[in-house]
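Okay, handing you the structure first.
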Amino acid sequence: MKTIIDDIRARFSVEWEHEQRADLAQIGVAPGTVVPLLTWMKLHTPFVQLNHLSVVDWLEDGEFQLTYLLTDPHGHRSLMVCTRIPREEATMESVHELWPQAVTYEQEINEMFGIHFPGSPRQGVPFILEGWDDLPPMRRDFDTVAYMHAHHPSRPGREHVDPRVYVGKVFGERGYLHDDD
Amino acid sequence: MTTTETLRRRVQLWFGPQHPGITGNMSVQAWLEGDTLTQGITHVGYLHRAFEKLMERRKFIQSFPIVCRICVPEPDTNEYLLAAALEELSGLDREVPEKALWIRTLVLEMSRLAAMLQVLGGHVGSMGLGVVPNWTYTLRDYVLDRFEELTGARVYHMYTVFGGVRRDLPEGFAERMETEVLAKIEAKLPVIDNAIFDSSVFRKRAIGVGVVPEEWADEMGISGPVVRAMGIPRDTRKDFPYLKYPELDFEVVTTTGSDIYARAWIRRQEIAQSVDLIRQILRRMPTEGPYCAKLPNMLTWTIPPGQTYVRAEASRGEMGYYVVTDGSDKMRRVHVRGPSYVHGVSLLERLIPGTNIADLSPLMVSLQTCPPEIER
Amino acid sequence: MEKRKLPVLPVAAPPEGSRPHAPLGEGCFLGEEELPKAPALKEALATIKNWFRAQSLWVMAYGTGCGAIELRPLTTARFDMERFGMAMRPTPRQSNVLIVSGYLATKSLKRVIRAYEQMPSPKWIVGLGSCTINGGMYWDSYNTINRLDLYLPVDVYIAGCMPRPEALIEGFKYLMERVKKGEANGWHHYLENLDWYKANQKKLITDWNLPDYNW
Amino acid sequence: MQFDSIEEILDFAIGKEMEAHDMYMDIAGKVKRPGLEKTFLELAQMELGHKARLEQVKAGDLSGFAAGEVQNLKISDHLVDVKPHPNMDYQEALLFAMKAEQRAHDLYVDLARATSDPGLRELFKGLAKEELKHKLFFETEYDDVILEGN
Amino acid sequence: MSLKNTLAPFSAWMQAFSKPFTVPDEPGVRPGAPRYRGWHINDRETCIGCGTCAEICQNVAIDMVPVDEPTKGDSGLRPKVDYGRCCWCALCVDVCPSGSLAMSNEYVWVDHDGDAFRYTPGVDEKPWDGAELGWRKDEGFDIVDHERVPMGHLDPEERIHTWAEVVVGYTEEEARREAARCVECGLCVAACPAHMHIPDYIAAIRDGDDVRALNVIYDNNSMPEMCGKVCTRRCESVCSIGVNGDPLAIRWLKRYVTERFDDLKSVLDVDVERVGEGRKIAVIGGGPSGITVAYYLAIRGFEVTIHEALPQLGGATFFGIPKYRFPMPSLEKQIKLLEDAGVKIVTNHRVEGDELRRMLEENDAVFIGTGLMKPYRLGAEGEDLPGVVYALDLLRDKNIGREVEVGERVVVVGGGNVAIDAARVSRRLGAEVTIAYRRRIVDMPADDEEIEDAEAEGVEIIPQAIPLRVERTDDGRLDFVWGPAEMVPSDRGRPRPKLIEGVEHHMVVDRVIVAIGQSADHSWMPPDIAEKVADAKGWITVDHNGMTGHRGIFAGGDLVNDTADAISAIADGLRAVEGIQRFLGILPEREETEPEIPVITVR
C-alpha cells in the first residue's frame, strides 16, 4: 500500500493519508486533483476498478465529502480517495468516461444530495424518487421525521408517558437554583 | 411508410413493476424491434425505504434490525457487514470471541445457501418450468427452519450484532442441520441436475444467452457468480479473507461461457460447496466459550470518528459497506454497495440491446438483480 | 353486517353524504340490480355467491414489498395454497386478491392503486406485515406510507415482520370467512368513498398523471 | 397467696390491672418530657381494656383469652428495671412498662405452679399468657423503636 | 442436443412417488421455534416500568402507559406494544433490565381492524400469556453494561494505620465510562428523598460537561460532596441496571463531579429572584437540613443565621462521620459556599432557655434541625461502669480533635452505620474490635459496603448476640456477657431475635461501645413550645410545608424523618425552603390536588 501512495505523492499533492487496514488505505486530495488522479490510476496502476462512489454530508463544515473507492482486483487491495467540495451549489467533475457505471452513482448522488456532475448523462433524471419536490433527501438538513409527519399520517391513539419525566412529576422533583419561569 | 417499416417500428414496453417475470419490484423500460430489445433503462425506487437516511438517526444497535431488511433473501450479509464495519471503527473487533466468528461464518454460508437455492429455482422458473422452483423453495425453507431455530426468526434474523451474535447454537443443531437440510439438499441435487442442466429446453434457452464480455469484469467491478462464470476466480471470501473463511477448505468455482447456463451452473456448484462448508464449520466450531463480547451500554455508546469500507461475498457477489462515524452515538453516513447496483443497472442496461424479449427475465434472474439493494 | 370504520384523518374530510355501505345484494355494482326482488331469495343467493367467492381467491403476483418472499413458499408443495382454492395470477385482470406485502414506497403506491383498480370486483386487499398497519420499521421514512387504509381499503391485516407462511394461511382463512359472511366489502367502501380515497391519494402523489379510475 | 375460687382469682387479677392503671395515671401527671404524658395515659387506658377483658371472663366468656402460643421475646428479662421519675424518656417508659408486665406474668406463673387444682392452674396460665401478650406489645415497640439499629 | 437431454426433464415425474411433505392444515402443527420471536409477554410484577424497552425501540413501537400506582423503584408504567410498528427484533427483551419482558413463540394474529394491533403485555389478557417457549433474555448477551467500573480503595492493611480517605475516587475516564452505563429511566429520582436530577447530571458527566453536571447537582442539593462520599444512596437500590447487575455508581459519580471544583460560587449559575430581601431566618442546628435551608434561602436574599453548638458546621456529617469517609476539606468547601452566599454562622452556641422564644420574635421563621443527639441506653446491668461508652461521644470526641483512647480490645454493640464507624475508628486507634449485633448480618441497617470494609479491616462481627450484662473483671477490665439468639418470625417487619436461655458467652474487653441508636433531646426548648412541637419519642411532626405544630417553627432532618440519613435531611430542608416562603406569602400555597398526569407524548 505504501508504494502506491508514494507513487501518488510523487505525482499529485495529497492532503492526508491514513492506513485503515492492510488492504485499505485512504487519501485526501483537493477536488481538482480527483479526476487526473483517477485517470492516472486507471491507466497506469492496477487500481482499475471503481467499486464505489459515495457522499458524506458534513453539514457543520458546509462541505460534502466525496469518496471514490478504487480496487485492485488482482492485488486485492483498495484505495479510498476522498475530497471535499463546498455544499453550496455543489458541483463535481464526472468520471463517467472512465467508468460507465459511474453514471448510475452520479445520477443517484445528484438526486439524493443535489450535487451536480456536469457532462454526466442522466443528471436531473429521477432515479429512485418520483415527483419529489423537497430538499434532496439524503442531505442532513432534510428532516425525514418532519416530512413523515407532514405526508404520512400515523394511526392515532398512541400515548407515551416518559418514565423519567413522569416519575419526577409524580414525586415532586424540583430545582432551587433557578426560578421556574 | 411501408408496412414492413411500420412493423419494424420501435415499440416501447414497460416490463414491470407488476410483472411475473421481473425480479422483485422494479421495472425495465425497454424498446423493441420485433421481439428484440434495442435499448433498456432500469427503473428502481419502488422499494426505496431510505435505509441510509434512517440509520443516520438511529443508534448503532438500532441499525441492526433495519439493516437486515436491505436484502430480503440474504439479510445476514448486511448484518455481518455493519457489525464488521462498526467493530473495526470502534476497536471492538479484537474482542469478538472465536465462537462468534464461527457462528457468523455459519450464518453467512447458510444465507448464501438459501439465496442460491432460491435463485437456482428462479433460473428455470423464469423460463416457465415451475416444478424446479417448487423443490428449491422447499429446500430453502428447510434452511429457514434452521435459521428460525438458531436466530428466532425465519426471514429477518437480526442475529449478528457487534461483538458477536445474539444467541448460542441450540442443542443438537448440527445433527438437525445434517439430517433436515444438508442431506435433503444433496439428495435433491441430482434430480435438479436432470431437470435443469440436462434439459434440452433449459440448454437451448440458456447457452449463449446473456454473455458478459470478459473485459468488462475489472473496470465495472462485476463480482459473484457472474464473474466466476467468465472463468475468473474472483471471490471475496478468498481475495479479502474475513471471518473463518481462510481456515476453511474450499476452491473458488469457475466455469466458462459467461452465459445464463454458466451462471446457473456456478450456482448449482456453489450450493454443493456451501453444503460442504457448513459441514466443515459445524465440525470445527468450538462448543464452549462465549458467543458475544462484553458490550458497553448500547443506549449511550459512541464510536470515535473514522471511515471504512468492508466487504463480504453474498450469493450475488461482493457486498460492501461504507461507514463513516463522527464520534457521536449514531453513524454519520452508511452507504450500502450491493452487487446489484452494478449488475442490475449498468450491466443489465449494457446487456439488453440484442436480447430477445423472452430472455429478459432469465437474464435478470441470472444477474440476480435485487432491487432493494439498488435503491436501499 | 358490520359497519366499516372510516379512519379519522388529517388528510381529507370524509366525503359529504357518503352512504353507509350497501349490504351485498342490495344492488350496487356489476349487475347486482338484476337480482330477484324477494328478500329471502336475495339473501340466499347472496350467501351462495359469497360461498363461491370465498373458494376461489386468486392472488395477484405482485411483490410490492419484502413480504413477497414469504408468499413464494405458499405456492410450493410444503404450504400448498392451492388446497385452499388460492392461486397466483400474473395479471390484475385475473385476480381478486391484492396482497400488499409490506411497506409501500410512494412510487409503488401509484402502481398498486392502478393495479387494484384494474382488478375486477369483488376484490379484496390483504395487508401483510406491520408496515401496512402503522408504518412498521419504516415509520419515519420520507418515502413509505404509514397507513395503507388511507389509500386503499384493507380487508384483512396480518401482523408480523414478516408474517410466516402459516400466519398468511391463517390470514387467508380469515379472509375467506369474512367473504363468506359478506363482511369483507372493502371494494364497496372504496367505490362509495372514492372521493375521499382519491383526495388522500392525490395529496401524497403530487405528480398525479393517472386517470381517476383505471378500469 | 391462697385462692379458693375462680372468682377470687379473677377479682385479684382485676385488682392488679386497676393498680397498674392507677400507677400509670400517677406517672403521667409527673413526667416532663413532651408527649410522654400522653403515652402514659394511653398505657393506663390499655390497662382498663385489660380489666374489661377479665370482667368478660368472669362473666363466663372465655373467648377473651389469648389462643395459642404467645411469643416471648425475652427482651425485658435481662434489662435493668427503672424507677419512674419526672425526667423519664421514651426508652425508660417502655422499659418500665415491660418490666411491670413481666412482673405480673411472673406472678401468675408462680401461682400456677403453686396451685394443685388443675382448673385453677389453667386459669393462672391463661392470665400469665395475657400478661405475656401485653409484654410482647411493649417488647415489639422497644425492638422497633429503641433497638432499630441493633 | 441428445435424446438424453430431451428425456431428462421427465425424470421429475419420479418425484410423484416421493413422500408428501405438505404441512397439514391443523392448528399447532408447526409451532414457533423454542426461541421464536413472537408476541410479547410481560411479567407485570417483575416489570419496574423503567421504559428502557421504549427507549431502545427504533420503531417507537412501545408506549409506556400508566397501569399501577407509582412507587419508589417502580414507575407504575407498563409497556404497550403497537404491532403496527414492531419489527420483532427483540432488542426490548434483550435490554430489559428487570428481565420481565419476553416474547412468546406464537405468531398468528389477523384482524380486519387496523386499530386492534395494540396491547399491554401482562395487563391485557392474551392467549399467549404464560407461554413457555419463545425469545428470552440470555446470560451471554447483554446490551446494557451490568458491570460497574470498580472503585479503588486503599488497602485494608494500610488504611487501619491512617485517617486518609479509604475511597480513591474515579478518574475522568472511569467516571465517563461509568456514566455511560446509565439508561436514564429516572426511577432513581423517585427513590432519592431530595429527588435529585440524577439522570440529567449523569448524562452531563457522560458528555464530559462537568460544569453542567455540577449545576444540575446543586439545583437541589447544597451538600453534594458529602452525599458523594457518604450518602445512603437509595437511588442505587432502585437503579434499573441494578436489578440484574451492579447499580450505577451514582454516589461515586456525584463525588467525582463535586471533587473537581474548588471554588463553587464561580461555577454555580444561580438565577433566582431575591424575594427574601429584608426577611430574617434563624436556623438552629448546622446539620445538612440546616445548611440546605440556609443556602437556598440565602441565595434568595433572606438574612439567615445558623446557630450551632459544636465548633464546626456539618452536624452529624461533621461530628458523626469519621474523616476517612468524609474529610474535613470537603466540608469546609461547603461551609465556604454558605459564607459566600451570605449566611451568618454562629458556632459554639447552644440555644437554651428562652432563647427560642426570643428568636421567634426577632425572625420571620425559625428552622430546627438539631438532630438526634441523645444515645439510647443499653439498659443492661453494668452499663454505668467506667469503660462503657457511647459511640456518638467517641466519634464526636475524635472528630473535634480530643484525645481518644479505647484500649486493646473493644466490643461495639449495634449494627447501624454508627456502630460500624465506631468499630472502624477503634480499629484505627489500634484496638481489636468485635461487633455484637442482635440480629443477622442481612438485617444490619449499616451500608453493605461499610460492613464489607469493616470486615476487611479486621472487624469481627458476631451476629445474633444479645448483650446480657457488663461486669468488671479483677484486673480492671470489662467482662462483656452475651447470649446467643434465635430468630423468630414476626407478624410485622423483619424477624426478631429471641434469647436462647442458658448459654452465656464472656468477652473480656477494655471498652464496650454502645451504638444501638439515638433519640432527640428537646430539653433546650421552652417546655410549652416543646409540647406543641414534639411527641413522646422525641420526633417532630411537620406538615407538607415542613412546619411544626407551632406557627413559624419549621423542622427537618433526623428529628422529623424516620430514615435518619443526610439526604433525607436535605430533602426536609428543601421542603422547608419552600414551606417558609409559602408561610411568608412569597410563594402561593400549594394546591392540594392530585398530581396531574403527565407529560404525554402523542406519537
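By written order: A, B, C, D and E. Residues from 1 in each chain.
In this section, contacts are C-beta pairs under 8 Å (C-beta built on N, C-alpha and C of every residue); 3 or more make two chains touch, one makes a residue touch a chain.
Here the structure is a predicted model, which is why all the values come from computation and not from measurement.
*Asks:* I need the common contact partners of subunit A and subunit D, sorted by label.
*Replies:* A chain counts here if it touches both subunit A and subunit D, which gives E.
*Asks:* Along the shortest chain of touching chains, how many steps lie between subunit B and subunit E?
*Replies:* Minimum number of steps from subunit B to subunit E: 1.
*Asks:* Report the most central chain, judged by the distance from each chain's C-alpha mean to the global C-alpha mean.
*Replies:* Here the chain at the core of the arrangement is E.
*Asks:* Hey, how far is the Cα centre of subunit A from the one of subunit C, in Å?
*Replies:* Taking the average C-alpha coordinate of subunit A and of subunit C, the gap between them is 40 Å.
*Asks:* Counting in whole Å, what is the centre-to-centre distance of subunit C and subunit E, each centre being its mean C-alpha position?
*Replies:* Going by mean C-alpha positions, subunit C sits 57 Å from subunit E.
*Asks:* Roughly how far is subunit B from subunit D, going centre to centre by Cα mean, in whole Å?
*Replies:* Using C-alpha averages as centres, the distance is 87 Å.
*Asks:* Mind checking the centre-to-centre distance between subunit A and subunit B? Centres are C-alpha means, answer in whole Å.
*Replies:* Going by mean C-alpha positions, subunit A sits 24 Å from subunit B.
*Asks:* Hey, what residues on subunit C touch two or more of the other chains?
*Replies:* Correct list: 7, 77-78, 107, 133-135, 137, 139-144, 147, 161, 164.
*Asks:* Give the residues of subunit B that touch two or more other chains, as numbers and ranges in rising order.
*Replies:* In subunit B, 45, 48, 50, 53-54, 57, 65-66, 138, 156 touch at least two other chains.
*Asks:* Among the residues of subunit A, which ones contact at least 2 other chains?
*Replies:* Within subunit A, the residues that touch at least two other chains are 128-130, 137, 142, 144-145, 154-156.
*Asks:* Which pairs of chains touch each other?
*Replies:* A-B, A-C, A-E, B-C, B-E, C-E, D-E
*Asks:* State the interface residues of subunit D toward subunit E in the complex, per the touch definition above.
*Replies:* The touching residues are 32-36, 38-39, 71-74, 77-80, 89-91, 93, 95, 140, 143-150.
*Asks:* Where on subunit A is subunit B touching in the complex?
*Replies:* These residues of subunit A touch subunit B: 20-21, 23-24, 26, 42, 48-52, 54-57, 65, 67, 69, 71, 73, 76, 78, 80, 82, 99-101, 103-104, 126-130, 137-138, 140, 142, 144-145.
*Asks:* What does subunit C use to touch subunit B in their complex?
*Replies:* 60-66, 68-70, 72-73, 75-78, 88, 90, 92, 103, 105, 107-108, 111, 115, 137-138, 140-144, 161-162, 164
*Asks:* Residue numbers of subunit A touching subunit E in their complex, please.
*Replies:* Where subunit A meets subunit E, its residues are 154-179.
*Asks:* Residue numbers of subunit C touching subunit A in their complex, please.
*Replies:* By the definition above, subunit C touches subunit A via 7-11, 106-107, 110, 133-135, 139-147, 150, 204-207.
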